[in-house]
Every structure is written in structure tokens, then in C-alpha cells.
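Structures follow.
In the two assemblies presented below, chain A is common to both, partnered first by chain B and then by chain C.
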Partner chain A sequence: MRQIRIEDRGERLSVQTGQPETDADAAIGRAAALLAKARHPVIGGLGCDVDGVRAALRLANAIGASVDHAATAHERVELRVLADSGVMTTTVSEARHRADLIVLAGPGAVAWADHARALADGGGLYPWRGERGVLCLATGGARPAHVAADGTVSALGDDLPLHRVLGLLRARLGQKPIGPLAQDGPDRTAIDAVALQMKSAAFGVMVVDANDVDHVTLDSLQGLVKDLNRDTRFTTLGVPAHHHGRGANLVSAWTTGDHLPVGLGRGYPVQDDWLHDAERLVTSGEADALLWVGALGPDVPAWASSVPTVALVHHGASASAEVVIEVGVPGVTHPGVLTDAVRDAFAFVDAKAPQPLPSVAAVITAIEAALPGGHP
Partner chain B sequence: MAALTFTLKATPPERLDLSALVPARLTGLSAAEIAALAIGSTRSGVTLGDMFDIAGDDPTEIRITGHERLDNVGRGLTGGTIAVDGDVGIYAGRAMKAGTVTVSGSVKGPYLGTAMTGGAIRVAGDAADAVGGAVPGAMHGQAGGLIVVGGSVGDYAGDRMRRGVLVVKGYVGDAAGVRMVGGTIVARALGTRAGLGMKRGTLIGKTVADLEPTFVPTGTYDFPFLALLRRYLETEAPGTGALVPQKNPRRYRGDMAALGKGEIIVD
Partner chain C sequence: MTTIRLMGGRVVDPVSGATSVRDVYLVDGRVAAAAPVGGAVDETYDCTGKIVMAGGVDVHSHIAGGNVTMSRLLLPELHVSETAGPDGMPFATASWSGWETGRLYAEMGFTTVVEPALAPAQALQTHLELADIPIIDRGALTVVGNDDHFLSLLRDRESETAIRDAVAYQLATSKGLGLKVINAGGPAAFHSGLRTFELDDVVPHYGASSRQILTTLLTAVDQIGVPHPLHVHANNLGVPGAPKTIEETIAAAEGRRMHFAHIQFYSYGKDAEGMMTSGAEEIAAALAAAPNVTCDVGQVMFGPTVTISLDLMKQWQGAAYASPKKFSLTDGDAEGGGVVPLVYARKNWINQLQWAIGLELFLLSPDPWRVLMTTDHPNGGSFTTYPQIIHLLMDSGERARWIEHMPQKARERTALEEMTREYTLEEVAIMTRAAPAKILGITDRGHLSDGAVADVAVYDDLTDKTAMFTNARYVFKDGRLVVRDGRALGWISGRTSILAPDVDGQMERRMADYITDRYGVGPAAFAVPERAFGERHVFKVEPCLT
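Here is the complex of A and B:
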């Protein structure tokens, strides 16, 4: 017997499923009614497993919703540069074993390296690999504490914006002239030394967090890596998107033909970063209902308060919405399929601490079945 | 024949796709067929007749009541004129080849004139981000023609611009002319990160904010190009010729991080 908890306008109820579940049915029914009557509903957050995203896209098709994920930097920056110019990228696993130079570009790269500790040891699969250097570019003074390095961590442009450091390195790598430099920044000798250090690596990996950059700066970073590949091997490693953003976008790609955000209001998928941006739709008043999926986070954002909201949240999350339904967390309370950031592949993850909570997919499927004309 | 006029009945309850309102799509359609064109963006199935009062019969001269939720105004235009009384949304003048689009209000959505190859767009008010800029995944933004904005524009103006002229009487935001491969942008003042990653093309402004060090000073500039550009602008957009520096402006070559054959010219 499963138990789901439903918070309804601040009042938490505990109800049984698998039995005549009046309150759960009522919550599902009200969620369905709220979404069905909307002219332009939006499904946002989308922090859930593969089954949850698939269910959300099916529901969006039924109600004509726009679908977006909370990891907007992954969609608007990383996937844009992939489409604009192409990218060179590798997996955490390859970077760990193969890289003899780890370049941390921007403060987010340092924070991730320390938090995830994915590069905390030097690997060891390839005994021929040389000593590993670590280089920080425009990290604002941040240095990693948990990245394996042979020797000292070098740095360039602590006080400069990342786009400028990348531009200067690209120019000097191409042996081009550069204009006057600020007195308090690195001089030409320092820039040339770092360019030589990067060029001298046998296999360099540049780590960057899409939240630190826009598409222009990331395009420049990819351009630098492509330039370096004339002389050596160099690639990049993107900090994994939050809340299963990469997996959700891959599901969208194989389901709708394109990444998120995508709109299904016209009966066919329309991908548009601006038109179907969940926050823009809600704050502009174009959307009149929101389904927020936060099983893997994030919490319902403040901007959601301006529109009737159904929130699917994990245990302990705070949510203020018209209908709040507590759901399980894939990989924790129930099994699910998620992207494995280390191998960059989908993987089945078993429940660590099973609890009788419904999955996102189960709740969304129930909402779809409860739509007027739905098939329970 | 009288201009084909579309008068908005009320505030649009959803975004409207007006890409059908170009002469090539409207010629030969009866009034009833025009009114039945689907323009909605949701399941509601909104038609042109639901949202607009329609009058006139000359599809080469189109007048529209503006609103920020009107998208794709003049998209793919191949001739004739479209005059908007008010604001417009995203993708105005996208991929237009010829003709004229005028907007008396402001452009409230991004990508004005993206991929246009000819014709002219004139905006009296301000414009949002990526004016003449490339949409995600596209090789080029503006690729010909003329865009004139009376007010100021947002960020990423002329991102991946290829050809044509973009004139902004006010200010441009961050990252104008980034990744540009050709064309000319003229503005009163250029913002930060101007020309980042540009390969070729010309940026002209009275001032530039925090010029990137990958632009190299090459002295003053006294070629006849500026006089020709000034005369062209005065002809096409009276009052904008004064934006072009008069005497010995400074010239910077860049972006040296990319090909380095572009230029920024400032007073």
C-alpha cells in the first residue's frame, strides 16, 4: 500500500492509495482541472527521471503546454554553442585518467571540482601519462582543494572576466598582436607563458560551468580549444547541468526532435528559447497555469506565485501552490533512470531508501488520465 | 485600392504569429479566407478575424495595430510595405528579402531582422536583444538590408551579422557585433564586449565602453568610406549621418582572438 501526502492550500493531508483514495483523487482531479482549463499552461522545473520527463511531454502534448527545465544555462548556453559552432568535449572519466593539464575556467569550475571531487585523484589507467598540472583562468582567486596535481596550481587573470582572459590567450596563441593591457592585470609575458603551458600539454581538459558564461564566451572558449588542437590535444568538460538537466534535454530531443524549452500549443513541437522560457511566460502573464516538477529540485520559484500552480515536490521541500503533491525521489525513494555524469550515459539507479511515495511519472500520468476526455 | 488594414480588437490573450501577413501570402485570398487564417500559438485555434477588424484590399500595403504579442511581423517579406502602429514582438522582419517594415512603437522581442537579406526596417522606439543577431544554431544574423532604430537596443546586436547596415540612434547594450563576419553597425555609443570574436565587419560609435584588449589601435582613420557612409545614412535615414565621426576618428583592428580583420571606429 502506497501513501502519498498532499498539501492543499497549506493543509497537509495524508491519504492512502491503492484504496478508495478520495483526497488523492481530489488533488489529482483539481490539478487536472486547473491545467485543462488553461489557455497556455507551462510545465517547469522538470527535475525528475527519464520516466517523469516522458510523462511530462505526453501531458504537454495533451494540454498544449510549453515545457522548460530549470537548468537554463545548459539549454541556452551549452546546447546553443553546440548548435552554433560545435563543441569538443569529453567525459569526467576520460579527463580524470588522461588529462595532464586541467584548466579550471571561471569560479564555477573550481567550485564543482571541489564539490564533486571527480578529479580528486589522478586516475592511473594510463601509466604513460605525464605529470598533471592545474591552471585556473579567471577564477576570482579561487583555487581547488580537491584536484590531484603534480606541483603547484598556476593561475591567470584572477581579477579579469573570463571572456577577456580567453580572448587574450587566443590572440597570443595565434601570435597576433594585442592592445594595451591594464596595469593591474597580467602582462604579455604572463599571458604568453600560459599559452605555452596549454600548448605544451599532451591532453588538456578545460572545465567550465555554463552558469558562469553566456553563449559568446563559451563559443570563445570552444574556439580556444579548437585553436589548441592544431598543435596538441585539448578538450572541454562542462559542469553537469543541475536537476538532471542533461537527461531531460536528451529525452526531449528523442521525443520532440529538439532540446528544451519546447512548446506543444500548436499540436506539434516548437523549440524556442525565448518564446517557451517558463519564467518569461509566467512573468509576462502569457501563461495561466504552471505545473512545477521538483522531485530532484529545485523548489518552486518566487515568480510562480503570480499564476495558479500545481507543484510536485520531494519530501521536505517548501512549496506554496494551489495543489502540492509530494512525490518520491528517483534513486532515493524509488528506482529510476538518470544520466550518470561520470560516464555521460543513462543508468538505472536503484532506490537507496525505498518509501511508499508515488513517482513523478505516476502522478503526471494520473493527472493526464483525469483530464476531461482522458482515459483513466 | 486601399491599404489592407488590420485593427486589433482587444489585447491579444496569447502570442499571435503574423507571418502570413505578407503580400506573397495574402495576394489572391478573399476577405473571408484572410479572416480564417490561423494565427494563434495555443490550442485555442485563434484566427485573424477573431483578433482583428480587417479592411482594405491592397496586400502590397499592409497596416497593423501593434502589440508586443505580435510575432513574425514582416517575416520573409519579399516586397511591399508593412506599417505597424505600436509595438511588435519576436522575429519582426526575419529573413525578409525586400520591402519595408516600419514600427512606430518599440520591438519588445529579440531577433529583429535576423537573417534578412534586403529591404529596410525602421523602428521609432527601442528594440530588445539580438537586433540583427543570429538565432540559436544559425550561421548568420542580418545578412543584408538596413535596420534603423530610433531609440536604444539591447544586448547581442548584430551577433553573427554577415552583411548590411544596422543604425541605432541611441545606445547598444553589451556584446554588440560579437562573432560578426561582415556588415556595419553604427550607434551613438557601443557597450561592453563590443566586437568580441568578430572576424570582419565594422562597428562605429561616438564612444565604446571598456574596449577589449584584443582590439589593437591602428591610429586615426581618414579614408573616404566614412563620408560615403554618412551620405548614405542621411539619404536612407535622415538625421543619422551625424552618428558617423567627422574628423580623424580612432580605429582599432580586431578581434585578434578571431580572424582580426574587423574594425571598431570611435570618435
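Here is the complex of A and C:
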């Protein structure tokens, strides 16, 4: 076994396996051997910082792996709609200060607004902004407790699916007739009032969680926003993808040319949501090895048990895998670059509680170096 | 000490002397006028019959940052990867990746490229992407002038000193190589619902006109000592009649140095019926009369492409012409961005006229030191069309072959057909090497003088200039062979050139307060620290003017 780089840095690997292992080299070697002999390896989870994703893509190129991220709604819904028909978006901070109408579309938007509290105050940079209205569309009765509003929160279609509410609004905004309405649903007057409220906003922001919708619904939502921009300014705000999904997909885009999932088995990247879906590859038996990256979560999924797995997990994570390597958490045990959801941008984050645990990038780089023909 | 001898090539470098057949020595990464005394030559490359030039320098090419990556995500169908790359060069053929960008530039003999839209709120992403572009050196221009903080300083009639300090802060913290303003005030006005913006229009709620923003920044650039003149994306991009805007903007500069980006997009006149005609002569005359002004052309070339701009107002207007029918528009903090795909079609007379106007500008250029070659990549076309552009400029016969296919409606609106000028290799060397390096203030490159950075491109001397400039025979980066026979040999990492102006401590505190109020996070979240790049040594600090 070659000497590995992470030991050169004096860092330590904590190894958890069914048979406790104290030799970091051995864990790396076993991980490399497991992945190298695979016919179709997969890298999944990918909850890690920028350098971790860069290292994972390099390793994938070396072993011909498919790479996917756990934030599948971000990839299969948000990024699909972007590629299908385009999007209008803004940042949390711009919405906070400039929006005179916040539209929470779907229950996930309400849950996020209350959890993140990013819109809990109305900002104050633009004193000319009018009063802030808040509107709930198809939220199933959920109302935000932590979104700043001048006046009461209005709502439409609590008992309707979001796609139906969006369709009704688009029709009325386009001065089209609408069909018979359910007796327990909104009447035309209520729909027209909400349409007028949206048209009357100077800068409206519609918040939506990709986990709430399919790509057709999100496409319709974006279409509604584009329609509104003929007369006023309106845009959208996506609930941030979990486990650093936004950042991982951006790194993939500038590295491979496109978002995740991506396959590198042909010596060049192939983006395909179905073909390179990590869960599908593993559960169908097409893949025969998995490298799960969960420094920022999530835990190794149950479906991973069907293939030999190397798991890179944070302290305290439960993992059952052939090789389990404990890694540090970027921004906690070691510094790293992560996306900052407030302004949808990358930020360098220092370690809050430094510990001598290796980063995902260090471990993956060591695995790549330990491959047959690798360069330590 | 490593000494490389480039033997017997025809050296085209007007900075170091007249074109002549001579040897060029590269010693420890620098050009040497002669072989080291008593020093052995480690490697010799026979350049007999070949053209030796400095590595190319691109002053304006959108190669990195949030909007560039947005274009990757918006248009997967335009860049499907289909070819496996060579061993040891991961992602070399990953279409539209940063890795492919570095390889393709290097294979053409370009060794330094500047990204012209570094938004301060997104600076780290731009620099992360730049650092992943291999082989070439990079730089980026910090975009200012449309953000609430800056406009508030104007509204509050703050002093020149305060504005200088605020701009210096943005430049330093974003690690820019220069400063750029985009449709001064236009994007801010678009946030408030305006859809057009002229030089004397006023940004709602701030009381600041576009002219005031422009002239304030011209002053700040000089006071900070930024070597590159203010990089100006003027008002009215793409509007017939925009030559008047350019003339008014030149007048507003009152003799101060200024660089117009992609001036072709402003060179559209209009006839009595309001139809588009060439305004190239008017622009060329304005440039000839203003020696303080430089520009890059932003040549249009045919085919599908994507426009990437922080000019939200223009991109919203352009979205109606998107092909395919999709676009993205980001209302960012201060600077956002719009991405709109377009097809420049050979059968479209307006697109043909745009193509012709760009070439007219080159051929009417009063000075190759002041009119630079760009396509505003990818807005006018890909940077990979540079060899074709050089061919069109050096060979009137090649131009005639292209003009044959021009629709009559376009032909009668441009004087291109009557132009006989052919660029010389010396003019090409100035326009694509020496001049952009000089204008950017990175004067250790773009030429082959003693002590220059050993970035060198060696080309076969071919009649077919497209073939000649598409694949360099050899390219050396910092004295290291990186391309042979038109193919990159492997990955090395270049540097990103930045300025590090002094930042006033009081302004730092004011900015920290503002940033915390606006974002709820401190200024550290916006920083571009070396540590973000791990063990990589990314940045090279260039001197400010004193």
C-alpha cells in the first residue's frame, strides 16, 4: 500500500466497520479495491462541500462511475424546468427587502419560510417599497407564522392542488374563461381578486419547494410569473435544496458541462436523469458498487444494502457498509466552501469546532491515488 | 535553470521589434533576448517556416460565474459531449466545461483570458470556476454601478472620496482585475419596472442618472489607479441609433480613458423608415476622434449561441427573440443576470448585417491598439471562431466568399463589400496580444520582449488562416510546452490576476454594517480567501497605477 496523502497531512481516519479497523491505509485500500473492481460504480449522496464534489467527479472519471446527489427534487424538477423552458428567480435577501408581495405556493414554502425565518422581517433597504402582502396558494390551510406582512395573510385554493390553482390564475390573468368550479373551491371572484393582487404588486416573489411539485407544475408556475412580467415585476424563489444540492450541481455544471446525475463511464460526461439515477442503478442491479458521501448527510439509504458500499459519513451517522470512513463536516470540523442560501452564492466557511477528521476531498483523493495505476 | 530555444521562426511581435527570422529563448518561464551566457539549451524547437507570436490575450470573454453556469444548465441540448478525452486530462472534452474552455483557448495559442462580469455578491463562485479552467491565466472585471449601496452614495451626495473607497472595497474584496459598469443604472431601474434607459434617464428612488453613474466611476477608476480603463457596457445595446449613445458617452467621459465592450452591438444606424443600417462609419469616426477610448468589437458569427449579460433590461427585451424559446432572468442582489439563447442565422438579413458591421469596424479601425478582437463570447459567437475572424480580416478573398451569400437587403446596408483592407500579421499580433495586455495593465505579457512572461504561440505559416490559428503547432505557458501539434498535452494550472488596492478602514466598517443589514451575514461570507482553494496557489497580484 502506498503512503496516502491524508496521512502526509497528519490527519487521521476514524474507521467504523463491522470489524473495527484502525489502519487508515487499509480502509482506503479496501475502498479503492471495492470500487476499482466494479463494472459500474455509483457515487451517491454527495452531501459535501465544493472540494468534495470536485474530488468525487475526478474519481468518477477515473473509474467510470455515475454520480448523483440526494437532492433529487432539485435536479429532476427545478433543473429540469430550467432546461425545459427557463426560469425567473431571485435571492432570499432581495426578496426580503424588495418584495411587496410574497406568494407562498404549496405547503413546503410555508414550512420553509417558518423554519428558515429568512423573510421574518420585511427588510428596510428600500423605503419606497409599499406595504408587504403575503398570499398562500394551495398550502392546505397552512399559514406562515414567521413572514413579515402588513395586514392579513390572504389565501386561495387551500383544498386544491397547486397545479389547479396556478391554472386558474393563469387563465384569469390571460382573460380566459374557466370551467365549472368545485362547490367547495374558490369562486371566480376570489380567483380574480388574487390575480389582481398579483398584477398589482410592484415586485412579487413566489416561493415554492421543488419537493411539493412535479416538473409540469413548476413549469406552469414559471409561466405564470413570466406572464405577470408583461405588466409588472415578478419572480420566484426556490426553497434551497437539502444537503448542499444546489452547490453540488453547480460544481458539476462547470466541471462536466451539466447538472447531476451524470455518468462518466464513456470517458465523457453523459447527463441523464433516469439513466444515472443512483437509486435506480443500485436497485435494478445495473450498478455493482456504491460510494456514498454523507458528510452533510443524508445517511446511507436502505437501498444501498444491495451492493457493496463504501460510506463516508459524519460523526454519529449510522451506516452499515463494507467500508465506513468517518469524515469531517465542512464548516464544523474543517473549513470548506458551501452555498449560502440567503444570497444563493458560495461562501468560505471556517471550522466552528476543528477536529482532526479528514475531509471528503482528502479521502476521495486518497482512494483515487490507491486505485491500480493511481498516482499517490 | 531551464532554457528553451525556439529556433529560426519568423517572430511577429511589433513590441520587441520588426518582424524577422530569429531565435527566441525562454529561460525559467521568461522570454530572454538572447541565450544565457555559457548556459546550455535544454530543449530546442525547430520553428523554421513558422510564425512565432506571444500568447493571445482576450479582454472580454464570458467563461466563468453564475450566469455562465446558468447558461450551461439552460441549454444542455447545445453542448452534448460526444468524444472521449485523452488520458490524464479529465473533462477535456466535456462540452462547455471550464476544462474544455482552457484546452480550446490554449490550442488556439491564447494564454490569458478575462471574464468581464464579476458580480461582487457572487465573486467566490466566479473565482472557483476560473481556478478550474486549466492551462491559461485568467482575470475578471468587477461589476459596479447598479447596486443599492453605490446608488445610495450618489443619492446622499457622498464625497468622491467615499465613493472611491466604496468602489475600491468592492474591487479588492471581489478580487477583480478592473472595473466594469453595465448599462449604468439600467438594471437597477429594471428592478423598479422601467424597460428603457438612456444616458440622462434617472434611476427611480435614487435620483442618479446614468451619466452621473458613469462619470463617477470614471473618476473612481483613476483615483484608485486601476490600470484598465473603466470597462463600459453602454446604454441601448442592440438599439438602432445607438451610435448616438456612444458619441454622447464619449463626450461624457471628457477625455478620460474608457473602454467600450462589444461595440458592434452599438453600431446600428437606422434609415428614414427606422430600419437597421450599418452605423460602423459613425462609430469609427467617433473612435478616431477620441484617442482616450478603446473598445473590443464583439463580432457576430453565425450559428446557435447564448447571450449572457447582467443587463437585465436588455435581456428581458431579448427574451422575446429567444431561440429556443426559453430564457432565465435572475433578480440578484445588485447585479443579477439574464441568459437568452439566440441563433445568428445566415439567412437572416439582420444577423448578416450584424456580422458585416463587426467586420466593418475592424476594417475601419483607426488603430489596432484601440480596437480589439472579441466575440463577446458567447454573446456574438464562440471564442473558437477567432481563427475565422482573423481569416476574414487578413484575406479579402475569403470575405468576398462569405459576402456572396449575403441577402441583398443586408448588402445594401453595409459598405463591407467595398472594403479592401487586409490585416497584417503584425496588426493581428497587436490586436490579439499586445494591445489587450496593455489595456488590461498586465504588461508582462502580450509581447516577446526581454523579461516577458514566456507565453508563446508558434503557428504554421499557412494561407488558410482559419487552419493556421485554430491549432497552434506549439504553445508555451510560462515557458512550459502545453500544446503540440494543436493538441493540449496535459493539465497545468495558471493564475488569476487581481488588483489589491488599499481599502480604507472606515469604509470597511461601513460596508460591514451595510452587508450585515442587507444579508444578515457578515462580510466574511463574501470574501474570496486563498484558503477557499485549498493547496492551490491561484492569485497573482498586479500593481495599481501610482
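As a convention for this text, the second predicted complex is superposed on the first by the 354 of 376 C-alpha atoms of A that agree within 3 Å, B and C clash if a C-alpha of one lies under 4 Å from a C-alpha of the other, contacts with A are read in each partner's own complex, and residues count from 1 in each chain.
We take it that contacts are C-beta pairs under 8 Å (C-beta built on N, C-alpha and C of every residue); 3 or more make two chains touch, one makes a residue touch a chain.
Small disclaimer: the values here were computed from a predicted structure and weren't measured.
Trainee: Could you classify chain B and chain C on chain A, in the superposed arrangement, as clash or fit?
Mentor: fit
Trainee: Touching A:Ala369, do we find chain B (first), chain C (second), both, or neither?
Mentor: So A:Ala369 meets neither chain B nor chain C here.
Trainee: Contacts for A:Asp273 in the overlay, against chain B (first) and chain C (second): which applies, first, second, both or neither?
Mentor: first
Trainee: Pick one for A:Ser93: touches chain B only (first), chain C only (second), both, or neither.
Mentor: second
Trainee: Using the superposition on chain A described above, determine whether A:Arg58 touches chain B (first), chain C (second), both, or neither.
Mentor: It touches chain C, and chain B stays clear.
Trainee: Which partner, chain B or chain C, is in contact with more residues of chain A?
Mentor: More residues of chain A are touched by C.
Trainee: Using centres of C-alpha atoms, tell me the angle at chain A that chain B and chain C span after the overlay, to the nearest 10°.
Mentor: 90
Trainee: Give one of first, second, both or neither to describe whether A:Arg170 is in contact with chain B, with chain C, with both, or with none.
Mentor: So A:Arg170 only meets chain B here.
Trainee: For A:Asp84, decide between first (touching chain B), second (touching chain C), both and neither.
Mentor: Both partners, chain B and chain C.
Trainee: Is A:Glu286 in contact with chain B, with chain C, with both, or with neither (first, second, both, neither)?
Mentor: A:Glu286 contacts chain B only, not chain C.
Trainee: If we overlay the two complexes on their shared chain A, which of chain B and chain C does A:Pro180 touch? Say first, second, both or neither.
Mentor: Once the two structures are laid over each other on A, A:Pro180 reaches chain B alone.
Trainee: Pick one for A:Tyr126: touches chain B only (first), chain C only (second), both, or neither.
Mentor: In the superposition, A:Tyr126 touches chain C alone.
Trainee: Which value, in Å, gives the least CA distance between chain B and chain C in the superposed three-chain arrangement?
Mentor: In the combined three-chain model, chain B comes within 6 Å of chain C at the C-alpha level.
Trainee: Could you give the residue numbers on chain A that contact chain B in one complex and chain C in the other?
Mentor: 83-84, 266-267
Trainee: Please give the residue numbers of chain C that touch chain A in the complex, ascending.
Mentor: Answer in residue numbers: 64, 66, 68-70, 72-76, 79, 81-85, 90-91, 93-100, 121-122, 124-125, 128-129, 132, 148, 190-193, 204-205, 316, 322, 325-333, 336, 339, 517-521, 524-529, 531-532, 534.
Trainee: Touching residues of chain B toward chain A in the complex: what are they?
Mentor: For chain B paired with chain A, touching residues are 13-15, 40-44, 69, 71, 90, 109-111, 134, 136-138, 156, 159-160, 175, 178-179, 193, 196-197, 211-217, 252, 254-258, 260.
Trainee: Looking at the complex, which residues from chain A come into contact with chain C?
Mentor: Spelled out, the residues of chain A in touch with chain C are 50-51, 54, 57-58, 61-62, 79, 82-91, 93-94, 97-98, 118, 123-126, 128, 202-203, 229, 232-233, 235, 249-251, 253-259, 266-271, 335, 337, 340, 342-348, 361.
Trainee: Over in the complex, which chain A residues touch chain B? Could you list them?
Mentor: Those residues of chain A that touch chain B are 39-40, 63-64, 76, 80, 83-84, 163-164, 166-168, 170-171, 174, 176-182, 214-217, 219-220, 223-224, 263, 265-267, 273-275, 286.
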